[in-house]
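Just below sit the structures, each encoded as structure tokens.
In the two assemblies presented below, chain A is common to both, partnered first by chain B and then by chain C.
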Partner chain A sequence: MASWDIILQGIESAVTLQNLFFLALSFFLGVIVGILPGIGPAAGMVLILPFSFNMDRTSAMILMSGVYLASNYGGSIAAILVNAPGEAASAATLLDGYPMTRRGRGAEALGISATAGALGGILGLVVLVFTAPLLASWALRFGPPENCLLALFALSVIAAIVKRNPIKGIVSACIGLILSTVGVDLISGDSRFTLGIEQFQDGIPFIQAMVGIFAISQVIILAEENRAISKVELAGSGLLAGFKTTFKYPLTLIRSFIIGIWIGALPAAGRSTASFMAYAEEIRAAKDKSQFGKGNPIGVIASEMGNNACAMGDLIPTLSLGIPGSVGAAVFLGIMIIFGVVPGYKVFIDHGKTIYGLFTAFFIENVLILVLGLTYAKYLAKITMVRNDIIVPFILIFSLLGSYSIRYSFFDLLLTSCFGLLGYFMNKYGYTPVPLVLAMVLGPMLEKNFQRSLIIGEGSYTIFFQSGISRVLVALSVVSLLYPYIGPVFQRLRRRERIHNPNPEK
Partner chain B sequence: MSMQKLKNPIFLFNALVLLVLVSLAVMANQYSEEARAFPNFVLTIGIGVITLWMLIYFFFPSFMSFIEVQEEKEENTSGSSLRFYQGLLCIGFPILVGYLCGFIFLVPLAFLSYSLSLGDKKKLLSLAIVMAVTTILLFIGFDYILHIPLRKGILLDWG
Partner chain C sequence: MKRRFLVNSFVVIVSIFSFLPVGAQEKYPSKPIYVNVGQGAGGSTDIIARALEPFLHNELKVPIVTQNMTGAGGDVVNNFIYKAKPDGYQLVMTALPSYIVRELIKKAPYKILELSFVYGIAGGDFNAISVPYNSPIKNFNDLKKRASEKMLSVSGVTQGSNSWYAYILLRETTGIKFKYVPYDSGTEAATAAGGGHVDLAITSIISAVQPVQNKLIRLIATFGDKRDPSYPDVPTMVDLGYKDLHFATRQGLVGPPGMSKEINATIANAAAKASRDPKYKEIADRQGFTIDPMTGPEFHQWAAGIHQQARKALTQAGEIK
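Let's look at the complex of A and B:
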């Protein structure tokens, strides 16, 4: 860590009038970029990059930081209010955020998103500042076998989700896993399930698919039911409704934070992985799992906390090792190098003023997310009461143009529409989309690391049991898969024993 | 095997998914061993699970309650099938026009087609204002601020 002089210089450089103006501008732009599906932080930073060439290094980094961070919050706004994930990581938020909105609790959901997001960002920043090199060295112990087993462990939560409808849940997960295999297999080079369509060579584009499954399917449902997004009058729109709800679940906050920061520290794991793993973990830990997907605030807290902690965690390997933790961090790394800030263990000393100025900017932006998010939540939530014949075409256009803007491809509009139909029928016949989405996010991580592990282990499966971390993950995965079904049997046996033997001491 | 069971929409959906999975399994046989290992594993589980569901559905209906819990339907969610098809048309028609004539027509057409077929025809003035403002803002936003070139239609793109 740098000396206090350098840290103070960094803080002073961030709070000049000019840099505060750039911070506010990029924050606002970041929220807009986040709201539009497909234009994620990476594209947003690249868009404003040309404007930064005439700035000094610190100002340029601060300009990028707003887009990098605030796009998360923008993505959550779209996910919660109109069921359209602005970013891949927001897909986990909408699973419970949008159902909350439909029940008139949209303002509360936005408040939770702002609070959990800001908290995850601030705590993540603290970890980043004080422990970045240490965490980065630990993260390097996770090789392909460990990453494969981590994905398997996260996927094993499907067993808990599908307990009430196992067949439908497994079908949904299988569809997701098969969709994740479409495209060129990186190990063998075969094009799998592309049907000769060139646009499928890189796989099924995730955001376009999610926009279809969630937003377009909602367009069809809203058209069919002829109503506004919120079925009931807005409730719980008090300024602090979401703020208070967030702190009612401290264990959720802690678990999701640890998952988020750790996934961020793992190179190339990504924010969507963190938000879904945090969400999945809360389902696993909950006593009543049936409430997830129906407007459970815990789902929103977990995904937002995991996502925003990961945003800071992504910078741990980026700054310490020069290995980006996500696509957004990769673009951030490229921009840092353009401005001469070369990452490595000495970056905190050689470029301390810039780095600590950047950290100060992140702190201010997280506070802005909290303050503005809570202040404007109830006004934003009024969108959900807009009449049907205005809001439905608006969501449709917003989703289609967002899908198009990713690859400038008309094919993506058709793809999004097809996924919209799939999402509609899945919704209608009781197939929860959670296993499908989890499988699409984690399937590639599972398969690629599985293949790499077998190559490293020369075809031997013992590689999955060699390290201590792997053995722990194997055990956790087995317990996680079997416990939802065996657990109740043990509980019943214990209850019977208590009935037959009420006084065991005698 | 009663006709009623064959007409059940959940059965039809599962049958369609089964057909797709079997087709994919046949397709996967053309790939190399490494490429088809994971997909075959997933397809085997998917096909097996749906086949099991069908066996229970047709031959052991009393066991259906063990593998499926009917979720409670939310109140006031009854939709109209006519509105469903109209909704599909309101999605498909603007996309088609957008493809042929450009996105400049997709935006206003999405509003117009929806409100004329499914909306409140008495409030067309407010709708027209929203439509015009949205079109202008989207085009300024995408074209001039974000520099995302919106598509020109194949009929109108002479260059």
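Let's look at the complex of A and C:
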């Protein structure tokens, strides 16, 4: 912590007319970057980097901050309204956000996204300011075995998700895991399972696949219907509907926030892992799991809270240790260094003015997300009442352009279309895409750290039981895998007791 | 309904494509020049290329687009440039020796030395050995002693990278065997050492700067031919008695094979001016890379030397099958 003097100077430097202009510009750019599938926060920041070379460092940082933060919000708008994941991390938001839209609750979902997102951002900022060095040093204790087990624990939630239809769920998870192994093998450096296709050498491109599975499959479904996206003649409710709904689930908020911040602090995982893990955790915690994927507001809250808390969490190791918490944060780190802000435990003192200026900008942007998000939700949601024959071509073109623009590859258009068909048939035959996507997000983290652990442990599995953290994670995974099947047995036993002894109190 | 859907689709597609410019042949350069980078956004090669963008633009007066074409340790970008049309609109910010190492060990279909070498921009970043800050290993002698007691683990970057190449050279020259733990980037590898999960890390000095400053790791030796001015206390492997154990890394612009002399000269002149710009040097200083300009032929000659050296070393190490 720096002295109040420096903090005030930082706040002052952020609220000059010029910097507020950059802030607004950057916020706007960030939303655009977010809405377009393909350009993520990292690519967005490097695109505007050359423009910042002639600015002073506070202005430059502020120009980057909006793209870094607001892209999450923009990504969620596209995800909720038209099922197109604008960012990799918004793929978790659409799982319940879009079904809400279909049921005429689009504006409410947007409101939830803005509220939970802004709340995650602001609370994340508080944690970043007060506990960054401490959390960063804890996160360093996660080595290959711990990261591997963390991914395993997150994947074990699939047991709960697929309980209603285990075979279909496991098929979906297996497809995801198989797809996640395509690409370069970490140890040998050789390409594997690429079918000799050059474009697969770096693995199945995630965003292109997500655009296919969610947006393109939805385009086909919508084109078959003669209606609008919103099935009822209603796009949304009052101004504060989303705001109110968000605060109905305080436990969800707390859980998702902790997951988001922690995944952010870990250098090995980024925003999409955070939002999916927060989402998965809510399914695990919920009593009635059948509502997920059908427009459960809890899903949107968890994903948005996890996502935005993680955006701030990613900056914890970045600022306090100079170790980027994610790809986006890595770009941020590079830019900071270009402007002479050398990260490290002393950054809050040496560059207090710039850092607190940056934090002020983040704070204002979060407030903007909340205010604009709530105000415009109703109008944005109107798009879902436009007839399908008008809106569908736009979604199609916009999704394909997004997928194409990532690496300017026509092959990716084909890939996105194939995943579109996969998503369409999965939907038609009742396979949920959640295990597939979860496995694609976590597969590489699981496999790479599994391999690293075994190299360090010289092939012995005991390395997975060596640290206290590992043992806790193993225990949690086992419970999480077995509980959905053993839990009901216990409940039945308890119920039987109650039947034998109907009024134990009396 | 279906017909209307088709008609609307058609209208949207046509209206979008009508905005795209129609190609016309003019004097070079007359359209955007793409500088492809095999590393992800934010990596050292990426920053070198992106920082160059405005300066090249000032000279060439066309948009310069830095584009990341990641994958398979550079195979993707190298395959692309090897087959690209030599019209001067597609370039690569190459990273050596890693791409040469990759070509040799993977028997890759591309040949780095056949590319058109335009201009060498940066050089003089070396790889270094670091250990966790509280490690009992304080210097290279400690490391040797420790290694004779148990097999040490070393984190580095995927096969074919500069850091992997340094590890192979170290292994072959000193005869010490390690457990090599590959990571996706040098920063991740240095972080693994910082968290005490491996005994040592071999990464570029640039990747190690932040963890070193934050007392997470310590440098114990570098692979430079002379000591790094920022770390005068850290010996080179040459100082430690391994006189052949040194190599430098270099980044520069290359184009597809067979690029015409005129086009090559146009870009080289612009790159030469850009790399002499004090503003570019300022960015380089902060970022930790060293501008070390080399003309195309010099750059090519240097690369040919590296190629020969790497082939010999990797064959001896049994890494070229």
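Methods note: the second predicted complex is superposed on the first by the 498 of 506 C-alpha atoms of A that agree within 3 Å, B and C clash if a C-alpha of one lies under 4 Å from a C-alpha of the other, contacts with A are read in each partner's own complex, and residues count from 1 in each chain.
Everything below uses one rule, namely that a residue touches a chain if its C-beta (ideal position, glycine included) is under 8 Å from a C-beta of that chain, and two chains touch if they have at least 3 such contacts.
What you are looking at is a predicted structure, and each value in this text was computed from that prediction instead of being measured.
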Examine A:Ile397 and indicate which partner it touches, taking first as chain B and second as chain C; both and neither are also allowed.
both
Check whether A:Gly293 is in contact with chain B, with chain C, with both or with neither, and answer first, second, both or neither.
neither
State whether A:Phe410 touches chain B only (first), chain C only (second), both chains, or neither.
first
Is A:Ile216 contacted by the first partner chain B, the second partner chain C, both or neither?
first
Interface residues of chain A shared by chain B and chain C, listed 187-188, 190, 223, 226, 388-390, 392-394, 396-397, 401, 408
Contacts from chain B onto chain A in the complex sit at residues 9-10, 13-14, 17, 21, 24, 27-28, 31-32, 34-36, 38-39, 42-43, 45-46, 49-50, 52-53, 67-71, 74, 76-80, 83-84, 86-88, 90-92, 94-95, 98-99, 103, 106-107, 110-111, 114-115, 118-120, 123, 126-127, 130, 134, 138, 142, 146-151
The answer for chain A against chain B in the complex is residues 39, 47, 164-168, 170-171, 174-175, 177-178, 181, 185, 187-188, 190, 192-193, 216, 219-221, 223-227, 231, 387-390, 392-394, 396-397, 400-401, 404-405, 408, 410, 413-414, 417, 420, 425, 428-431, 447, 450-451
Contacting residues of chain C [partner chain A, same complex]
1-2, 4-5, 8-9, 11-13, 16, 40-43, 46-47, 50-51, 53-54, 66-73, 75-76, 79, 105-106, 151, 153, 158-160, 179-184, 187-188, 190-192, 194-198, 209-211, 213-214, 216, 279, 283, 286-288
Chain A - residues contacting chain C, complex
42-43, 45-46, 49-50, 53, 140-144, 183-184, 186-191, 198, 201-202, 223, 226, 267-268, 320-324, 327, 330-331, 333-334, 337-340, 342-345, 388-390, 392-394, 396-397, 401, 407-408, 448, 452, 455-456, 458
